[in-house]
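Order of writing sets the labels: A, B, C and D. Residues in every chain begin at 1.
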Amino acid sequence: MAIVNIDGMDIYYEAYGEGEVIILLNGIMMSTASWQGYIEGLSKNNKLILVDFIDQGQSEKVDYQYTQDLHVETLKGLFDYLEVKKVHMVGISYGGEVAMKFTLKYQDYLSSLILANTTSYTNHNLKDVGKSWINAAETYDGSNFFKTTIPVIYSPEFYEENIEWLRKREEMFTNIFTKEWYDAFVRLTISAEDLNITDELYKINVPTLIMGSDEDVVTPLKYQKVIHEKIKDSRFVIFNNSGHASMYEKPYEFLIQILGFVSLN
Amino acid sequence: MAIVNIDGMDIYYEAYGEGEVIILLNGIMMSTASWQGYIEGLSKNNKLILVDFIDQGQSEKVDYQYTQDLHVETLKGLFDYLEVKKVHMVGISYGGEVAMKFTLKYQDYLSSLILANTTSYTNHNLKDVGKSWINAAETYDGSNFFKTTIPVIYSPEFYEENIEWLRKREEMFTNIFTKEWYDAFVRLTISAEDLNITDELYKINVPTLIMGSDEDVVTPLKYQKVIHEKIKDSRFVIFNNSGHASMYEKPYEFLIQILGFVSLN
Amino acid sequence: MAIVNIDGMDIYYEAYGEGEVIILLNGIMMSTASWQGYIEGLSKNNKLILVDFIDQGQSEKVDYQYTQDLHVETLKGLFDYLEVKKVHMVGISYGGEVAMKFTLKYQDYLSSLILANTTSYTNHNLKDVGKSWINAAETYDGSNFFKTTIPVIYSPEFYEENIEWLRKREEMFTNIFTKEWYDAFVRLTISAEDLNITDELYKINVPTLIMGSDEDVVTPLKYQKVIHEKIKDSRFVIFNNSGHASMYEKPYEFLIQILGFVSLN
Amino acid sequence: MAIVNIDGMDIYYEAYGEGEVIILLNGIMMSTASWQGYIEGLSKNNKLILVDFIDQGQSEKVDYQYTQDLHVETLKGLFDYLEVKKVHMVGISYGGEVAMKFTLKYQDYLSSLILANTTSYTNHNLKDVGKSWINAAETYDGSNFFKTTIPVIYSPEFYEENIEWLRKREEMFTNIFTKEWYDAFVRLTISAEDLNITDELYKINVPTLIMGSDEDVVTPLKYQKVIHEKIKDSRFVIFNNSGHASMYEKPYEFLIQILGFVSLN
């Protein structure tokens, strides 16, 4: 509900409630709007911040290629602007990657780190998946883009049971997403291509919770286990019968983890 | 820290803190003392009640055989005595079985139900395991009893890494557990032999969270999934790399679930 | 090594060795050439038949849309032409679908049925994946097609370890696959869209072996388990650390199953 | 059907058929009689040898403690007596441990090595389970022994579905197993206590197939994966919905592996 200019770029964020700060970092196709169902639960006893990364949602679209390091600095700028000294940082998928990178650079800002369905390394498989997503985006055909990206993001059961909701989302991809959106999506995808921080994770010593899904085929459980092994004393829970988009498939279980973990740290 | 007489039997319980009530129900070999590490976290914003079932810990040992229904009435009596109208009831293993039975009879008392590593049916396999435990108990040989029961309760990894702690517990089984304790254990085991409430679970309509462990060989994930399927809109999370005794193997993750789920219900 | 005209269409097949007949049915992107590594092992004591479905490899490309039923008749025609009365029919993925359909119609021809990484129902998820593959094919861009289809077919580990071999295949997709190939691929994909034979599987009463892969994200283990439950007395084995293309990722284990199962039936 | 004296001890073995030699090594509670259902399938095209280890079945019972190395020499002696130069060695559980030890010492005798539900290291958990089995054996109470050992050997589903067959086996444990049998069982159990050959497995370079069960709680899949990682180019298949005693729970799938693997090596 506000825009702040950080390093010359307009960044959109929303803030709710009072208390220790929780910030939610979006997956690559998400925006602040994606967390609608989480606002009430997370702002009751906490200050909740939602934010669109550059090239997401209502934040500025740029005309050059960057890496995820840019988002790290944006977050730093936002925290300083808001005079936030400590945050519980929650990131899913792309947002989890940025969260790990932020933690490696600005560890003192972290009260705790919560990572969902993410990876510390963009392997060849993920990189090629990313390229197919870029190819689909560059057709500017919403239905094509939807069918290339969405089926692998949800579990087959969820897909089957929620096919009508998904078809509405598919229409949204066609009717609402603009050429500008797709071009931004391409830049975001490229920005994650060279991620490879597995060997640095041992430096993270803030309380960390890792969440994975048993049917996540984008960032399988194995990837979360690597992160769990590397971050000393990190905690790990698994969502049953869920695909990559756990925040959509298991919103209640997802919320429980944040509330429980934040209350302890 | 207090004993109350319910239906003619002395029941030991402990209470901590103020707020909505959380009660923790012990597994078969446990007692109020087993939850030491949970008291601080669960009593900060809630009233926490620990209780020994009849034949457990400091509650009365009896001289007749009963079923788990007896514990249901004990809990009802305790709640009425304490003027507790609503509880968040957490039960692990045997305690989860009692929790489901309590919920089926006194559903109005429940704010929420949290079940860990439990089952709704004592199948032939579990029944025979129970008999081997009874046989071991009736030797009154702590080391024998330990080796018959404990290896299947923990994951092999936890067992290997915590072998010294386990050896100390084994000594405790020999030095502290009395004939009275073993006789009580036998009655507790028999009291669960005929459990078979799977077909009634659909009647439970309080918010329910189910926790299972990927390496639980006493009550495997499959058993939790049955409960999850039967209790409408129940939630389900899995502990990675954990055996049956999740409250010992994954205390932090276990605590997160309770705190998060309770805060929502 | 031979072409036979069946129902007016040229069908390419290869035959090796003598003995009971084993026929291998291709996955959608495969051809007789894909089974090169299997010829020696399967023709030593058996007569091995490889065949390209219509629109695959060296068989005729057509100019109309069909369903998988067409392949069923082609196979029937081929068997009659070759005077084959009994076959051990092995099908992977698309080929497994055709194999089940063939068995449902011409059960008497079957000595045994071996199904790998397949499904009895094209659910919405698979259907949308199929559409994204069609979209990619219709760009006639080999690299784009490769990146849309191949990453989900192999396990991430296999992908990482065999990236150079995969890059060579990617070049082949660009240099060798023609517009004709891509158009044929589209028809093959569409021909599977309406597959839904789960409720008929109970009619299959030939010896059946089902093979699945623990990391198959196209036809997950769950789909194989459905088939296993529906086909009475079917057998089931799982390949560890393998994706959808088990015949490429686990060729040795794949071969063992065929040799062992065929020798018993 | 014959007894041969090896190193002063009477060893019982059976031989069937002609061809390359397959030898089946028993699990700890098994004997040559346990493989009844495998004889026809394995002797059709091969020479099948069954053998009782010292202290098993009809082989000599001894009055001193030994390690598994004794069985290694017995096998060597048997092969030399039978003038067998090359064998396909199949071992389940305890028999798999002996098979690995034999291979490490007499690798030249091996055409191939097939390991089912076994481990290369007796960890603290397994050691304590072993001690509980010894304690149960030393009561000479068949029903007690059965209930201590058998429930963890089978999957819960198999146990539930085959409870009548299991009850008959329980009677056998009471009526047929003698004090001599139980004393021999204790020695066999002790002989495996110090097994720890994980670090030597890299020396094995014969074709090796490893079979594991997804519900094996005695030697979980993780243990088989360790063996798979250590033995270069070994192959690995998993039985679905099976416990430790895969040769009883999945006899058909078990047989397929042997027939298929042997035919290739």
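Criterion: a contact is a pair of C-beta atoms (placed from the backbone, for glycine too) under 8 Å apart; a residue touches a chain by one contact, two chains touch by 3 or more.
For each chain, UniProt lists the protein as follows: A, B, C, D = Alpha/beta hydrolase.
Since the model is a prediction, treat every value here as computed from it, not as a measurement.
Trainee: Could you name all chains that are in contact with chain A and with chain D at the same time?
Mentor: Where chain A and chain D share a partner, that partner set is B, C.
Trainee: Matching A-B on over half of contact pairs, by residue number: which of A-C, C-D or B-D?
Mentor: Duplicate interface of A-B: C-D.
Trainee: Rotation angle for the CA superposition of chain C on chain D, to the nearest 5°?
Mentor: With C-alpha atoms aligned, the rotation comes to 180 degrees.
Trainee: From the centre of chain B, which other chain's Cα mean sits the farthest off?
Mentor: Chain C.
Trainee: Distance-wise, how many Å sit between the C-alpha centres of chain B and chain D, to the nearest whole number?
Mentor: So the centroids are 37 Å from each other.
Trainee: Could you state the distance in Å from the CA-based centre of chain B to that of chain C?
Mentor: 50
Trainee: Residues of chain C that contact two or more other chains, please.
Mentor: none
Trainee: For this assembly, give the contact graph shape among line, ring, star, complete and other.
Mentor: Here the contact pattern is a ring, one closed loop where every chain has two partners.
Trainee: According to the definition already given, which pairs of chains are in contact?
Mentor: All chain pairs meeting the touch criterion are A-B, A-C, B-D, C-D.
Trainee: Looking at the complex, which residues from chain A come into contact with chain B?
Mentor: Within the complex, chain A touches chain B at residues 41, 45, 209, 212, 214, 221, 225, 228, 235-241, 250, 252-253, 255-261, 263-264.
Trainee: Which chain C residues qualify as touching chain A in the complex?
Mentor: It comes out as residues 123-126, 128-129, 131-132, 135-136, 139, 141, 144, 146-148, 150-152, 154, 156, 159-160, 163, 166, 215, 217, 220, 222.
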